[in-house]
Amino acid sequence: MKRFFNKTLSALRSDAQLRVGVIGLALLFLIVIFGSVIATHDPYFYGPDSLAAPGQNGHLLGTNHMGQDVFSMLVYGVRTSLMVAITASMISGVLGIIIGGAGGYFGGKVDVVISELINVFLLIPTFFLIMLIVSLFGSDIRNVMIVIGLTTWSSNAKLMRAQALSLRERTFVKSAIALGETKLQVLVKYILPNGIFPVVANTTRGMAGAILTEASLSFLGLGDPNVISWGQMIYQGKQYITTAWWITAFSGIAVIITVIIFYMLGDGLNHVLNPKYSQGGK
Amino acid sequence: METILSVNHLNVTYVNKSRRVMAVRDVSLSINKGDSLGIVGESGSGKSTLAMALLRLHPKGTEITGEAMFEGKNLLTISEKEMNELRWVKLAVVFQKAMNALSPVHRIRQQIEDIYRVHYPKASSAEIRERAMELLKLVNLPPRVYNLYPHEMSGGMLQRVAIAISLLHHPQLLIFDEATTALDVVTQGQILREIVEMEKTLSTTRIMITHDMSVVATTCNKVAVMYAGELMEYGMVTDVLTHPHHPYTQGLQRSFPSLKGDNRKLESIPGFLPDLSKPCQGCVFAPRCPHATERCFSQKPPMFKTGESGGAACWLCEGEENGK
Amino acid sequence: MENNAYVEIRGLQKFYPHKDGKIFRKPGEEKPLVKAVDGVSLSIQRGEILGVIGESGCGKSTLGRLLVRLEDPTSGDVLIDGVSTAQMLKKDPKHFRRQVQIVFQNPFDTFTPRDTIQKILLRPLKHHNIGKDTEERLEIIRKALEAGGLRPAEDIMSRYPHELSGGQLQRISIIRAMFLNPGFIIADEPVSMLDVSVRAEIINMLLDLARNHNAALVFISHDIALTRYISDNIAVMYLGRIVEYGSADEVIRNPQHPYTRALISNCASVDPFETREEINIEGEPPTPINPGPGCYFAPRCYMATEECFQKYPEPVDLGNGHYAVCSKVNCAACGKCNPSNSNA
């Protein structure tokens, strides 16, 4: 445990991108936890001041056409974004690791089927598919998260498959087989833990993608009307863009910052976890 | 005998963020014209570091002190430009993996022409071809190799091409850094024999860096044994490999089985290589030495003379020197 | 072939499809095959060490992998104590794994980098139900490590593989194989990645295994001197087939097959005074894609005649179990036509 802690510290020290990502993520989580304290108003409350400019009547970043406080909406929007990012990429990561790992390790016909499946998923325009499914099955935020997860696992699977393909030739895998461990044991105990890290980094970067996808869906009017999301704020604000720029501008900036944080985190993790970059003991 | 290269008190230290690894420590040796010197040692002995330092191919930030005199110039201090003029022309090297040294997208012909023209920009293709044919014959390769791509050749052929290229400008000193290690027994045996044969006509001087005592035994007349960055023993191959003076050389000798001779019991040297980032008082080999005394741990032994032209850095040889 | 042999290898073959990039073939055109192991039959007694030598690509490592069943043979079988391993593997794979163990070439890659030695060594013990609880298993590990000269055991057990030296890791690898008390052990180039000064301890450990634990050991190596040192018998492989077999001293000191002679004559020796005959053979071993019909070595052989290209030769018995698969070998043995003369 101490070892792990030390390693984490030295990784943080060595990579600036990772540092930015971790600090950013911590801030986002703080906003989620203390959201009700930070928010100056109830974001669901339709106030009397509609389209108030920033600073007017105690509205830090102004209000929208319904009189909701933009700042408070942004604060509550973090919750939605993080939830979408984490749930969707968890689904995509777990699916990718299991499917890709099994394909690469078992090889043969299993692999033929799996790699074709991966190719198909990489080829189809996922956003179009997501749009289709959401408009067919309703735009509940849970649907959105699951659909994003189910359509983006292929890049993780591709990475994990490549890892498994090279890991299965490693001596420690051969020696586990020679010692009588079953294929499933080898997959779970050797292939997955040794090959998982590039996938973790990729999944983290996938979180940025999930946030963008959710925002895009909302912007197209396919968002969940019952939650506050930045994409929806942009969608609703776009008709007032000439008179009340603050609605779209601030929610847009929030999306950009969050995406950058996750991207930094993913890239930083990739640097630290990729054996090509890390020095010394594996 | 004319000395062609003399290395005096060479120290090479790799500097890394957190530590300093003293890979070569106070090594002095010289090589005479026409000699073939084998530098043997295990991993971590500093043998390759030594060669890289002589060729100035060491990584950036490496600290080097001492001197290496070659043709009246100190290889360690001359300018990069001067060094470039020496490389290939007077000083050539063959590495372990020739396939990495040759460009995969160019024919051998182009690569030889390019290297030739670095120093003789006006040389005609016909002239270079003539020289190349001479060399390919010398390393037992058919002329058709000249027009092949590296991937069309086997490992042994590539290694021969690398040797031929190293000879392009009649270098005075050839350095082989584990040049035959990656090859199969038969190919290695044949190339080693060709090298020895070749030198009968070329009169080059050769340094052979290897971990394999048997390669030194078959191709060299002198040997230097390195351990943990220091020179342990040197001398004629026939002396050192048959009657080693230094306990480390003795230990190495006992770890090699003979091919056809009697089967004596193999013994290993117990213990590990010391941490090269820590300074060492006394003899570096003392912790693993079966004959170590208290003095060995506190005082570093100087190089004592053994026999006519040999030397061993071991207190055991002190009496021997006086006795003679 | 003796019937009381502990391990009996019968006509083992392993062919791989050769990927030549052709999708369409003429009707009747056969797919090219790489014959990595092409009909190997050998027998090994308990307590015997059999050395297998040859150049890279001769199929010796594939043979090793077939013996431990990391790969399945195309045809042929291996019998241990008269029982077919193919059937053993079907009925009770764990039993097979306990009988046959392997020591790999690369000790730095033999253990998963993410676990400590203790965790790594506990796994096979648990898997094969050796020792009744973790406490007892730890005791077994401790004792084995100390007996293997890895002291202090507690310290070694808490380490990660990358914190240990190659020699230590290879000893741990042998110790781990020994936990299962196997009767048949394959050592595939076990010292080629180790430093010279620690090779001897691994070699002596393997010798001890065969002599004191009465195991049959196959020692696969390209180092001829070392193989002669450790082995009782030596088999020389070329392009997937055994070309010469006999007691270690016989094969090395009195090689009969032209390939063995070339191999030994080109082997560098530590003794600067040793005289050797000079035999040059052309080129390097080709990939064994549909070789034959004649002797596989004939294209490089300095003794080959017309008949060598027609038919694969039969083994020639040279007495005391020594045999060579060469049609010229009788001729070589009689001494009337010394083959080394024909090679000037």
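Order of writing sets the chain letters: A, B and C. Residues in each chain are counted from 1.
To be clear about the criterion, a contact is a pair of C-beta atoms (placed from the backbone, for glycine too) under 8 Å apart; a residue touches a chain by one contact, two chains touch by 3 or more.
Predicted model, so just to flag it, every value in this text is computed and none were measured.
Asker: In terms of CA centroid distance, which chain is the most far removed from subunit A?
Answerer: For subunit A, the chain whose C-alpha mean is farthest off is B.
Asker: Could you say which chain's mean Cα position falls nearest to the mean Cα position of the entire protein shown?
Answerer: If we average C-alpha coordinates per chain, C lands closest to the whole-structure average.
Asker: For this structure, I'd like the pair of chains sharing the most C-beta contacts.
Answerer: B-C
Asker: Round to the nearest whole Å and give the separation of the Cα centres of subunit B and subunit C.
Answerer: Distance between chain centres: 32 Å.
Asker: Counting in whole Å, what is the centre-to-centre distance of subunit A and subunit B, each centre being its mean C-alpha position?
Answerer: Centres of subunit A and subunit B (C-alpha means) sit 54 Å apart.
Asker: How many angstrom between the C-alpha centroids of subunit C and subunit A?
Answerer: The mean C-alpha positions of subunit A and subunit C differ by 51 Å.
Asker: Quick one: which residues in subunit B touch 2 or more of the other chains?
Answerer: Correct list: empty.
Asker: In their complex, what parts of subunit A are in touch with subunit C?
Answerer: 170-172, 174-181, 189-190, 193-194, 281-282
Asker: Under the touch definition given earlier, write down the residues of subunit C that touch subunit A in their complex.
Answerer: Residues in contact with subunit A: 68, 70, 93-94, 96-98, 100-102, 104-106, 109-114, 123-124, 127-128, 160, 162-163, 173, 176, 180.
Asker: Where on subunit C does subunit B make contact in their complex?
Answerer: Residue positions touching the partner: 55-56, 165, 167, 195-201, 203-204, 222, 224-226, 228-229, 252-253, 262-274, 278, 280-281, 283-285.
Asker: Using the touch rule from the top, collect the residues of subunit B that touch subunit C in their complex.
Answerer: Residue positions touching the partner: 42-43, 154-156, 184-190, 192-193, 211-215, 217-218, 237-238, 241-242, 251-261, 263, 265-269, 272.
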